[in-house]
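Two complexes come next, and they have one chain in common, chain A, joined by chain B in the first and chain C in the second.
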Partner chain A sequence: MDKIFVIGRDAVPERVALGAEESLRATFVFPSGADSSLDLAVDLTGPGAELDLAGIFAGAGEETVDIRLRVRHLAGGCTSNQLFRGIADGRSRVRFDGLVYVAPDAQKTVAHQSCNTLLLNEGARVETDPQLEIYADDVVCSHGAAIGYLSADELFYMRSRGIPEEEARRLQILSFLSPVLSRLPESYYSLIGFQR
Partner chain B sequence: MEALLEIKGLHASVEGKEILHGVDLTIRRGEVHAVMGPNGAGKSTLSAVLTGRPGYEVTAGSVSFAGHDLLAMSPEERSWAGLFLSFQYPIEIPGVSMTNFLKAAVSARRKAAGQPEPTAAEFLALMKQKMALLKMKPEFAKREVNVGFSGGEKKRGEIFQMAMLEPVLSILDETDSGLDVDALKIVADGVNSLRTSETSAIIITHYQKLLEYIVPDVVHVLKEGRIVLTGGRELVDRIEKEGFEGIDG
Partner chain C sequence: MDKTLTDITSKQYKEGFVTDVEQEYVPKGLSEQIIRQISAIKQEPQWLLEFRLDAFRKWQKMTPPTWGHLHLPEIDFQDIIYYAAPKKDSERPKEIDPALQETFDKLGIPISEREVLAGVKSKVAVDAVFDSVSVTTTFRKTLAEKGIIFCSFSEAVRDYPELVHKYLASVVPAGDNFYAALNSAVFSDGSFCYIPKGVKCPMDLSSYFRINASGTGQFERTLIVADEGSQVSYMEGCTAPMRDEHQLHAAVVEIVVEAGADVRYSTVQNWYPGDDQGRGGILNLVTKRGICKGEGSHLSWTQVETGSAITWKYPSTILRGDNSSSEFYSVALTNNYQQADTGTKMVHLGRNTRSRIISKGISAGHSQNSYRGLVRMNSGAAGARNYSQCDSLLIGSLCGAHTFPVIKNDCPGAIVEHEATTSKISEDQLFYLNQRGIPPEEAVGLIVNGYAKEVLQRLPMEFAVEAQKLLSVSLEGSIG
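On to the complex of A and B.
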C-alpha cells in the first residue's frame, strides 16, 4: 500500500497492524491554515513487515500541529522508517511525540525515526519527544529530532548570485522539505503554502 | 580608461576586530589584478566586504563600482550590477539542483535589467554551452548545488556559474586551492575565454601557479590589512623568490 493522507480531509486509521511480509508506505500532509493532529499506532506483528511513514507540516499563525506516533515491533525482522519534516512560522506550536518500541523477541529489527523542524519565527514553539524503548539486543535503531534555522551561509551564497532574499528563503525551505516533498505529487504543494 | 572599481581608505572589522586598515585600490575596465598576501592578511575579508557578506562591518572608506555606491547595495543588487565572487569555500545547498539554482539566478538578473526571463529552451541551451566551456559532464546540471562535489568540481562549478552570469567584475578567491594541474588549466582557460576589454577580474591567491595561466596586468601585495606594494607581473616572481617576509613596500 502506498498512500497519501491529508489531515482534516482524509480519514486516517488510529490503529494499523502489519502481519508477516506486509508493508505500508504512507505520507501525511498537515495543511496550513488550520490546526491539525495525528494520533496513530502501528503494530508490526509478523516477520518481514515493512513500515515507511513520512509527514510534512507548515505551521503558521496561531496554528498547532500535533503528531503522536506509536510504532511497536512485536515480531523480528521488521523494518520501520519515520521521516517528518516541517516548518514553524508565526506563533505556531508543533508537538512531535514519537515512540518506537521493540519487544524482547523482535530480533533483527531495523527502526529509524526523525523529525526535523525549521523554525522561521522566534514566536513559534516546537516540542519534540522522540523515544526508543528497546528490549531486544540484535537491532539497528536510530532516532533524532532537530530544530534549526535557515542557514545564513546558504542565504548569502544565493543572494551573491543575484537570487533575491525572499526567493532564496523559499528555495531553502523547499530544499529542507525535499526528502518528504519528493514523495508527493506537485498538486499537494499548495496545501502547505507553496505555489509551483 | 574608466575606473570600474574604486576602493578608497577602506577599513573593515569582523566581530569588533579591525582587519582592513585602509585599503586603496582602483581597477579599470579590461584589467586583471592579482591580490597576493600571506594567510591572515585580510584577502578574504576584502572579498567578503566587496560582496556584502553579513558579519563584516565597514568602519571607514568608500567603494564605487560602475558609478554606484557599492557599500549601500544588497548582495543581490551587487550581483545584478555585474559583481561576481568565486567562493573560496563554495556552499552546499542540498535539495536544490544546479539547474534550478542558476535558473533562479539568471531570471532574477534579467528581471532586474528589465529583460524578459529566459524560456526553458533558451536557458538549457545556455547551460549546455557554458558546461562545454568548463568541460562539465552532462549530469552536473541535475546534481544538488555543491553537494558531494570534490574540491576541484566545486571550483570548476564556481567558474561555470561565473560563465552563466557574465559578470563585469569577477573576484576569484583562492580559486586555485584544491585544484590539480588539469583542473587548474580548465579553470584558467574558462576565465581567459570570458575576458573582454570591458570586464575585469581580481585574483586573490597566495600561490603564483594560477597567475602563470591567467596573466595579471597589476599585482598587489596585501599585508596586515593594507596594500603595501603594487607593481606589474614581475612582482609575482619576486614573491616566489623572496616570499612575503621581505616585502614591506
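On to the complex of A and C.
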C-alpha cells in the first residue's frame, strides 16, 4: 500500500499492524498555516514486514507541528524506515518524538530513522527526541537527527553565479526537502508553501 | 562463537579484596543529628554546616528520579553508614597506616612520591580517598611552588575557606537533584583543586576512590577551579571490594573553567559490578557538571565505564563563555546483569560555542546499556555547533542497547547533528581474525578495542593502557 496523508484533511490511522510479508509506504504532509499533529504506532508482527514512512512539514507562522511515532519490531526479519524533513520559520514550534523498539528475539531487524529540520527564524523552536530501544543483537539500526540553518557558502556560490538571493534560498530549501518532496505529486507542493 | 563470548565476558574482578583496618563509624541512618556529627568530626565552619542542613531539608522533600532506563533496587537511606574512616594510629600520626599503604600499592596507585620520582610509576599527583577520608595527597609541595592547590576537600575547607565558599555548589546547586542533594548533606571528603591564573599544571592530577567498609556509602565531592588561562589534566579512578550487598556511591563533581582555561577530566570507573548472577555491586549515582564560564574556555570529559551494578551519570557542560568548547568521549561497557544509563548534557548559551559527543556503548550478557543525552541551543547561541555520535555494540542476544538523545534548538544560527548506530560483532570479522590464527577471545578483544579506540586515545597514556586491559577483562565470559 502506498498512500499520502494530508494531516487535518485525511483520516490518519492511530495504530497499524503489519503481518508477515505485508508492507506499508506512507507519506505525511503537515500543511503550513495550521497546527498539525501525528500520533502513530506501527507494530511489525510478522517476519518480512516492511514499513516506509516519510513526512514533510513547513512551519511558517504560529503553528505547532507535533509528531509522535512508535515503530515496534515484534518479529524478526522486518525492515522499517522513517524519513522526516521540515522547516521551522516564523514563530512555529516543531516537536519530533520517534521511537524504534526492537523486541528480544526480533533478529535480523533493519531499522532506520532520520529527522532533519531547518531552523530559519529566531522565534522558532525545534525539539527532536529520537529513541532507540533494542533488545536483540543481530540488528542494523541507525538514526540521525539534525537541526541547522542554510549554508552561507552554498548561498554565496549561487549568488556569485547570478541567481537572486530569494531564488537561491528557495533552491536550497527545495534540495533539503527533496528526499521527501520527491515522493509527492507536484499538486501537493502548495500545501507546504511551494509553487512550481 | 557463543562459547568464546561467554568465556571472554566472565573474568574475575581482581580489585575485590577487603582491607582489614580498624575503622570509626558514625551510627547508621540519616538525620540532622548525623549531619551535625559528621560536620563536628570534620571541625567544619558554621556556614558549611548550614549548607549541609539546608541541602538535607531540600532532600527530604525530593523523590528519587525514575526516568532512567534502570531497575533500581529500593534504597533504604536509613540503612547506610554515612561516615567511615580508618582510625588514626596515635603513635604515628604523620605516617600512612601500612595497611592502607599496602592497599593502594596492590591497586597500583602511587601514593608514595619516592616510587614516582624513581621513575617506577608515572608522574602523577594523587589524592587517595579511602571510604570517607582522604588518606594522602602526593606532590603537594611541588605543586604549591606553582601556586597550585591540590588537597583533600576537608583540608581545603580548613585552609582555603574563601575559595571553597565561593565555588561550592556554584555549578551543581544543593537542590539540583535527589542524589546531589543527598551528597550535599552528607559528603565526607574528596579532592579540591585550584589552578591559578596562567599556570599550566606540570603533572597530571588524580583522585583515587576506594570503598572498603561494609554497609557504608561513599559520598565524595570534587571541586576543580581553573582560573584564567590555566591548564590541567585530571584523572579519577575507583574500585571496591566484592560483596553481596549493594553499596551506594553518590558523588558530585563540579568544575569551573574560567576564560581561556583548559581542563581535561578523565575517569576510569571500575567499581565492583556485582557477580554473574547480578548480586551485589556498587550503585553509582553521580552528578558531574562543569561550566565554561569565560571566553574561549575548554572542558573535555573522557570516561571509561566498566564497573558498577548500576550507573546513572551524565557529565555535563554549560557553555556560557563565547567561543568556549567542550567534548564528551565515553565508552560504557556492561556485562552480566549490569545496567548503565549514562550520557551527557551540553547546554550552549554563548556565541560560537562548540561541543562534540562521541559515545560508544558495549552490552554483553544480560545487561542493559543506555545512552541518554541532551544538547540544547539557547537563543543567544549564534554560530554554535554540536556534533554527536553514539554507537552501540551488542554481544549476545540477551542484552539491550538504547539511545535517548534529545536535541533542542532555539537558535537559527546554531547547528545540531546527531547520529546513532547499533550493530553486533559480525561473524565475518571474527572469521577473518580466526583464520589468521588469532584465537576467538583475543579477536573479540581486538574488535572491541578497535571500536572504542576513538575514545581510548583521548585518555592520558597511563590510563589508556589500563582501560584497554580493563575492557578485555570486563568482557571475559560475555560471549553468549
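A few notes on this one:
As a convention for this text, the second predicted complex is superposed on the first by the 196 of 196 C-alpha atoms of A that agree within 3 Å, B and C clash if a C-alpha of one lies under 4 Å from a C-alpha of the other, contacts with A are read in each partner's own complex, and residues count from 1 in each chain.
Definition applied: contacts are C-beta pairs under 8 Å (C-beta built on N, C-alpha and C of every residue); 3 or more make two chains touch, one makes a residue touch a chain.
Everything numeric here is computed off the predicted structure, so don't read it as measured data.
When the two structures are aligned on the shared chain, A:186 is found in touch with neither chain B nor chain C. With both structures placed on the common chain, the touch criterion links A:143 to chain C but leaves chain B unconnected.
Set against each other, chain B and chain C differ in how many residues of chain A they touch, and the higher count belongs to C. Applying the stated contact rule after C-alpha superposition, one finds that A:128 touches chain C and leaves chain B untouched. Shared-chain residue A:156: touches chain B; no touch with chain C.
Chain B meets chain A in the complex at residues 51-54, 74-76, 78-80, 84-85, 87, 90-91, 93-96, 100-102, 104-105, 108-109, 112, 161, 165.
Of all the residues in chain A, the ones that touch chain B in their complex are 151-154, 156-165, 167, 171-172, 174-179. For chain C in complex with chain A, the residues that touch the partner chain are 69, 377, 379, 392, 394-424. Of all residues in chain A, those touching chain C in their complex are 104-105, 107, 117, 119-122, 124-149.
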